[in-house]
């Protein structure tokens, strides 16, 4: 698997798209710093952007890479290699190269701006960790979609739909149901609702860091325990890990049964 | 060498292989023929483990292929359409495949045979179809495996390269290898193959030498023999 | 109505005192210079002739000084009814052994300096204090360390005194069985400076007290309020620091106040505020810092307030305006990284937001005059939703919420459409800090 990972990674590191993403994040970082003149504010703006954009890029790029490297995959399949290693290797290659684009693209301008000497460094690290998690999750979901759909157009369609659903529609439905059932105790429900969507989950992590003052204004005991202690942080990270593990497992299972 | 028993494969509602039995001995060149959709590629992919059959058993060199991917060390496979990662250089691709399968020294020989030296530092995305096919051939033949499977090996090749390929195949056969070929070019098949395996509607319709085929169909030449099988069965 | 009557009475009383003030002061100074001529010093220690503070007080007469040497003095219910000075050398401890009140001052011009006073009795019927000053003038209470207390320093109908540099450490858990560190009731002209009060109910409490100066104090971990005003007018609060209290400052039913250069941080909780303003009028709030509070300021039924040059940093809400607030001005403040800038109840709006810096502002400044070219609307639709359905807070910073906030911004339906800062600044304002 490591060999496949190595070659996929090399392949991607040289591809135009990696540079495009790297350049994009670099530009985003520079522009935000330039416009805000303030590290903390730039980090906050970035967080808002990252939790929406990283999933989109991860999904699209994952699906694209899978379909584009289909023939190469077939070449690999004829080699004495385990199927799961081929796909997991490719998956990790994509996910890691995307994460690298993110980390380097955002990291470089912030480091030059004096990140290490500011107290925004923890917020920024959290941002990168969350971004990496989201990349891992959405690339895995993209591979799942691509593995289940031979038709490229359909695959892309589902990928965009998935992103649209998790980034926007889900929260709309979530909010509607909260308002609709406002007469019932909702704190458990709303926490569960958050766990079921990796974008919301990452958002929660960021809220824990940025908006703890606002969150503590809420009276529910479950909320208090969740946000007021490390409990929330631990649960959120575990759930994120689960969100990585489950789709990756499905890649392995699906790959074993699939015809090429 | 290869034993296939009672092989079934369905894609959705479409049954491609329906109870195929085939035994291929050691040594010789076998051409797998059949009309479009008769299951040639599916059969080869089953052999390589790329398509998973619904039912039936396949063993290669006495080993059931379900027991692991190790048997593929004994197979050299030339895929039909060569499409490699565009950002890799030719040299890197060869190194990579060597890295994945093990060491070999045959690559130098093959590179000079197909005159690929000037392309070694080029990216695969910038190569022509024919050159890609040559790279494909190098990758296939550089491991000295007892079973060679060639899916449309002639596509995109210029006449000189075609000649070299034929020689190469003959040389491999003389080493005692078993070679499986699919091709649409009848003259190529007739010239090179020892035995024909003719697939029709997911089953082996005919297996034997070209002479036997001509006798069976009472046709003077190979192409007509094939044509007569098809017209008989589709009339 | 009863409340009003009481207030009227106090006003009359207060006027009477004012009228006769100069007589009183003249008399006092005369008395002071007279007694000083024959004043003596009594020393108290375990090996001295005078072994207890009680004895010393009995022996002393007006103008005398009692010096108490280091040691533990188990005494309670000490009544100081003479104009004397009590000084502790190296912080002697007075242990009240939970017997009730420890020191009660009932004479003018008493100075209490440098004691550690512990073990005040706790009662649900009487407000026992470590030091109580009753109907006295010209007192100075300084450098005390109070521990294991119920009430700390309790000033009752006493004027023209000072409470300086005292340290109070309570053990309060709930507000029902705890008292306040510094408590003023019907007092005026008192300076409360440099005290450090922690873990009590209210750090500093004022009721019916006017012309009080509260300056350079530090108030932390108090279960109710860091500083609490009830029916107290014309006071000033300057340069204090309030940290992790139930609420930083509560100003209720008071008027004509100046609250300046205070730092109020980390008041976290469901009913926590940096500053609670309830039915107060004519208050100046300037150059304060509100940082990391659940709510920076909550204001209700208050008029003619000026909020200027304050910093609101990383609060849940910077400012919650509840009903009936008119003619308030919110000018030249920094609103930085708050989850919500303003929450506003009701659609009637008569307050002025101008020239503030809002870190959430996304407008532009084409004419380069440092003022954004489009107004800023500090009230978001989402804050309305959260008011109705508090659990929805979990959707904060969601793209969906941003979209509905944006649509509300474009065409306000739920938020007052004239509530905006016409001149939002492009850059953070550097306030004068001292």
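In this document, chain identifiers A, B and C correspond to the written order of the chains, with residue numbering beginning at 1 in each.
The rule we apply is simple: a residue touches a chain if its C-beta (ideal position, glycine included) is under 8 Å from a C-beta of that chain, and two chains touch if they have at least 3 such contacts.
Values in this document were obtained by computation on a predicted structure and should not be read as measured data.
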item	value
Any chain in contact with chain A as well as chain B	none
Chain whose Cα mean lies nearest the overall Cα mean	A
Mean-CA-position distance for chain B and chain A (Å)	42
Separation of chain B from chain C, taking each centre as the mean of its C-alpha atoms, in whole Å	89
Gap in Å, rounded to a whole number, between the CA centres of chain C and chain A	47
Residues of chain B touching chain A in the complex	11, 45, 48-52, 69-73, 75, 77, 79, 81-88, 92, 96-97, 99-101, 139
Chain C residues touching chain A - in the complex, by the definition given at the top	268-270, 272, 292-295, 314-317, 336-337, 339-340, 359, 385, 388-403, 427-428
For the chain A and chain B complex, residues of the former touching the latter	3-4, 7, 10-12, 14-15, 69-72, 74-83, 257-260
Residues of chain A touching chain C in the complex	37-38, 40-41, 44, 47-48, 51-52, 167-169, 171-172, 174-175, 178-179, 182, 186-187, 189-191, 193-194, 200, 203-204, 206-207, 210-220, 223
